[in-house]
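So, here come the structures, one by one.
Okay, so chain A shows up in both of these, paired with chain B first and chain C after.
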Partner chain A sequence: MMEVLTYFFTDPIAQKVILGVAVIGGISGVVGTFSFLRKKTLIADAISHSVLPGVCIGFMFAGTKDPLSLMIGALVIGWFSVWSIDYISRATKLSEDTAIALVSTLFFAKGSVLLSIISKSQNAEQSGLKNFLFGKAATMTSVDIQVFIIASLVILSLVILFFKPFQLLCFNSEFAKTIGIKTKRIEFLLSSLTVLTVAIGIQAVGVVLMSALLIAPAASARYWTNKLPLMLVIAAIFGIISGILGVVFSTVKDNMPTGPWIVFSLFLFTLITLIFAPQKGWLSIRKRTKTNSRKIGEENILKTMYQLKEQGLEIVSFRDFLEKRAMDTSILYLFFKKLVKSGFLIENENHFSLTKIGETEAARIIRSHRLWELYLTKRMNFKDDHIHGTAETIEHLITPEIEKELLKELDFPTSDPHNKDIPY
Partner chain B sequence: MEKNSIEVHNLSVAYNRIPVLWDIDFELPMGQIIGIVGPNGSGKSTLLKAIMGLVPLSSGFSKLFDKNLDLVRDRVAYVPQRESVDWNFPATVEDVVRMGRYKPGKLFNRLSSIDKQLASEAIDKVKLTPYKDRQISQLSGGQQQRVFLARALAQGADMYVMDEPFVGVDVATEKTILELLISMKNEGKTVVIVHHDLQTVSDSFDYLVLLNTRLIAHGPTKDILTEENLQATYGGQLNLLSKMQNIIKDKDFPMREKGFEDK
Partner chain C sequence: MIGINDFLTLITALLIAWSCSLLGCFLVLRKVVMVGDAISHSVLPGIVIAYLVSSNFNSGFILIGAAVFGVFTTFIIDFLHKKLKLQEDASIGITFTWLFALGVILIALFTDGNADLDQDCVLFGELGITFLDKIIIDGRLYGTRSMWMILPVFILVLLFVVFGFKGLQIISFHEEFAQSKGINVSFWHYVFMALVSITTVMSFESVGAILVVGLLVIPPATAYLLNDKLIPMLWISCLFSSIACVTGYYASIYFDVSVSSMIIVVAGCFFLLAILYSKLSRKKMEIIDEKAF
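Right, the complex of A and B next:
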């Protein structure tokens, strides 16, 4: 592994390859974000499968692996596939996803046929054309990389220039049309950029897996931000790093295709995202669940302590407590300690009593519970014996603002439906 | 001086090959709150889309302010149905409302400070200023509807065309929208609203178009709201007409013969 790393830091050819995949990864992340937001990810997949015959035809015309000829071939056929999908779903009764499946497999089959014809030909240049299936970054020449960088810069400038129409098209194309934007042209431009991105990416990533580089960075980036410009940047970064990691991994053992390793790196980012992303990530959800159960536990303890005090028992042992209210004993001790620490309870040799602020807090929870019970009977026509369960949950969620509204709506009641006093 | 806010002449539309509007013909006044009302599936949203140039016409034409739509686009603001977009799109309230200031000729320029000012004023008018930096997916249905309304206000149009703005909104939003409609009217604007239910908010309409795949009646609300008209609008579909619609669909027949010219 170390040799591989030093190789990449010292060898100029290796550095060029790294630069190449970084550019491809970055631009794929940016362009893929729009496909993702337009919910056209399947079309991106179809385009990448469909460019294979284009590459072959480009090669047959040029007789060499000249990057421009291959790219033009890919562009033309890629565009033809987009048009075919659109035409089939408009002119026949087939749905769009069926049209996509038909077109992408048909074009890929055609490409495979052309590929085997070329490999049987006597052209010495043809070796390595098979790498377009799963990608081989190391086969990129300096000329290739220069062409890719220029094409990527063109794509990036167009994305920046057309940011507003692209944003409108993805969010609300009907609205865009009503203000006079030629949405068909904008769609055409966006599809062209996708095709062009695929065309520059397939040598390193391969037609089979190229769509992953378009879609996965955007899908992950969406988890990290709610702002479109930032999402584009994050998707680009994910694409760049995945590309570089893919090249490094595939070089560890000789002769491995790059595409699969790029996909593994992308998957790594997706996994990290699903676990660590703010709000929607697994850790965040888990933390919320934990906070909720702690809040419920602690508030239930305070409430029970208050009820015990109402019955005349001020200094409470664990046993007294558990007689009044059954709770999971494994966490009970922890919750009591926390409540002591936050100043709601005081402890004296394993006996607990409410402090002044503990009592106020407990009264607030009981007030919330009883107000909600009253609300359920008065406004939602619940029967008296059906209200307790719901109120047990809602009592933990009533905010001071809602409490104020409840009090106003119920006209500052003094007792709940069970004729218990509402403490103020 | 313009005569009509909207003129529709012999307008027919097929949707997925099924005829949904038959030869609709009407002229609407300026500066009023106009309701286009009919049951579900009566073609009212399609009519609105046809007027806004969003669906192909099988016959006829429509004019806005006596002109073709392309000549007056900047004077008309369209509010689509709330459910027509994905609210998970990465954008804030302010982002969406600022879209109201996008102009086809100036898409490559940054928004000016005047544009931004107009957008914040629009947000303020729909009472969403405290939420202006909120991600749109975190809004309630009523708030989302108000975002769309603010975007239309930011366009600064003379006519507002709204598709079902009262569907799935809370009481506060309904009240805000109704207040806005009245203040728009007082400023001389025309408001056209597609609405499915005459029970609610109908007393706010000055003028009504009753629709059920064909035009039932149109005119000032007080003249139009008759038992007979309501029965025709809501009393089920015309049996023979539905049969013909299905035959047209099954045979892939066009709604108009080729080369036929409406006079």
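Right, the complex of A and C next:
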């Protein structure tokens, strides 16, 4: 393993590949974040397909594989594809996803027709054009990498310069319009940046996989933070690391394409993120749901115990409890055990009663429930037979602060709409 | 002048085009074209695995592999979108790129530069040379292998559309209503997507992953611009794709370029004309409206 690593960081060719891929990964992460937030990531797919005819046209005009003219061709046609999608989904009754699929496949077909025309012309320079289809990370030249770095610096400085309008466009384009930002122009700029990114990135991973470079880092970053600047940084880092990992993975066998391995590591990142991310990840959502449902279950039991006590039944057997509130017996048993353990209930030969703190807690829940019912009838003009349902839900959510507000609002009432006492 | 090779190639092209046009109409109406696009890319690992297991393209393995991966793709997209709360466009984009990458990796790892299965043929297909693979028994010509691969798929699609018409119609135009009538929408959805993936795979060798999407979306979109009733739309879509196939085929011979790409380009020209037509007729309507006032 160490040998592999030292090889990568000392061998000049490997260094070059890694540098190139890292630059591409980073800049795709940054630009992709904006596409992701605007929910326009699939347009990137159409752009990358239309880079093929763009490159072919650039080549036909220049007659050589000069990176600059290829890139200009890609930019022009890429932009034309964005415009076509916009036009089709605006001016016809076709939906946007139809427009995207239509434009991408149509442009790709044109590109492949042009490619077969070029490959029949006797131009010796044309051999490398197909690299745009599948990527050629392993054979990047120093000139390529210089072009990548310059383009990335241009993109990065534009992002910094136009950060505010971009941010507004992503989160609230209507608002941006009202404060006088020319949203059409900003959108044009943002699309152009995407096209430029695709035009350079496609050389590393190829037509089909380019959209992964734009989508995956941004999608992952979104799960780690809510702040745009931080999100851009995280997406860039994900892009860079996946790029490097892709290069490392692809050395397992000779002639292995780099692009798919980059996408593969991107996917791993995304999957890990989707499952493990704090707050938004699958695990933490599951955990939260579990905690919540346990809390609600426990609170419902305490509440029922309190109601039984109000009816004069202080020492409660399972049977008494189930008569008041139907539940799965085994779950009820577990809940009782837990409540005893945390000191809310005491058990005496399968009979249960509320402890002091148990009673205070139960009173708090009942109080929230009855206050809310009262609030609904007094302030919201609900009929008193329509209020129990919502109160049943909200009693678990009312915080001490809200409770204080309710008490003040209702002027410290003593009984609820059903003439039951509100306990303090 | 139609030679026997032209005839065989055209039959293959038409069968693919008709299958795609029929299915494509429902994709366009249900606004799930990008899911179809995703499937056409992500069946690649299914094909590679089936190919590795059976070491040729003829077996039923490929059909099963394709159907499984097609449904699997739809399932992953739904899972990412609904369970993991990832926005829909990103779910689609991540799913198909990942599966396509997996397919390319499998090709590179296990096929050792086998000429039958390389990236070129995955992307473009080679409709122009399908006639080389003739089936000749006792000196008699029984069509080509590609033709016999796509024919059952076409029949399957046709039967599905004819017999499932009511169900397809109702889930295409009014999914909620279908649900409230007790129709199992997700069953139809998955069966439909499985059919899309089978069609994609069977046309794979001939037209490639990207261009099959062209046949799935361009003729139906053209038809939808001209007529929004379902049955005429299906007919118009088939008609346009047939014309595109024939014109595209001869144009490709004339310009000496890839057949399948040329078919898509011709279909694209029809689409442009349809946009123009729908614009003009709308203008006409506006003029009539203005005169009426």
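Here is the rule we go by: the second predicted complex is superposed on the first by the 275 of 424 C-alpha atoms of A that agree within 3 Å, B and C clash if a C-alpha of one lies under 4 Å from a C-alpha of the other, contacts with A are read in each partner's own complex, and residues count from 1 in each chain.
Rule of thumb we're sticking to: a contact is a pair of C-beta atoms (placed from the backbone, for glycine too) under 8 Å apart; a residue touches a chain by one contact, two chains touch by 3 or more.
As the structure is a computational prediction, the values presented were derived from the model and not from experiment.
*Asks:* Among the partners chain B and chain C, which is in contact with a greater number of residues of chain A?
*Replies:* C
*Asks:* Is A:N172 contacted by the first partner chain B, the second partner chain C, both or neither?
*Replies:* Touch status of A:N172: first partner only.
*Asks:* Of the two partner chains, chain B (first) and chain C (second), which one does A:K120 touch, if any: first, second, both, or neither?
*Replies:* A:K120 sits against chain C, while chain B stays out of touch.
*Asks:* Taking the superposition on A as described, I'd like to know which of chain B and chain C A:T304 touches: first, second, both or neither.
*Replies:* neither
*Asks:* Counting only touches as set out at the top, which of chain B and chain C does A:L94 meet: first, second, both, neither?
*Replies:* In the superposition, A:L94 contacts chain C only.
*Asks:* Going by the contact rule set out at the top, does A:L133 touch chain B (first), chain C (second), both, or neither?
*Replies:* It touches chain C, and chain B stays clear.
*Asks:* Which of the two partners, first being chain B and second being chain C, lies in contact with A:S191: first, second, both, or neither?
*Replies:* neither
*Asks:* Please identify the positions on chain A that touch both chain B and chain C, taking each partner from its own complex.
*Replies:* Common interface on chain A, chain B vs chain C: 39.
*Asks:* Which positions of chain A touch chain B when the two form their complex?
*Replies:* 37, 39, 161-162, 164-165, 167-168, 170-172, 174-175, 177-182, 222, 225-228, 231
*Asks:* Show me the residue ranges of chain A that touch chain C in the complex, using the header's touch definition.
*Replies:* Touching chain C from chain A are residues 36, 39-42, 44-45, 49, 88, 91-95, 97-98, 100-102, 104-106, 108-110, 112-113, 116-117, 120, 133-134, 207-209, 211-212, 214-216, 218-219, 253, 255-257, 259-261, 263-264, 266-267, 270, 274-275, 280, 282, 285.
*Asks:* In their shared complex, at which residues does chain B touch chain A?
*Replies:* 49, 52-54, 70, 73-74, 76, 78, 80, 84-86, 89-92, 95-96, 99, 102-104, 107-108, 135, 137, 151, 155
*Asks:* Quick check: in the complex, which residue numbers of chain C touch chain A?
*Replies:* Answer in residue numbers: 28, 31-34, 36-37, 41, 80, 83-87, 89-90, 92-94, 97-98, 100-102, 104-105, 108-109, 113, 119, 123-124, 209-211, 213-214, 216-218, 221, 224-225, 228, 255-258, 260-262, 264-265, 267-268, 271, 275, 278-279.
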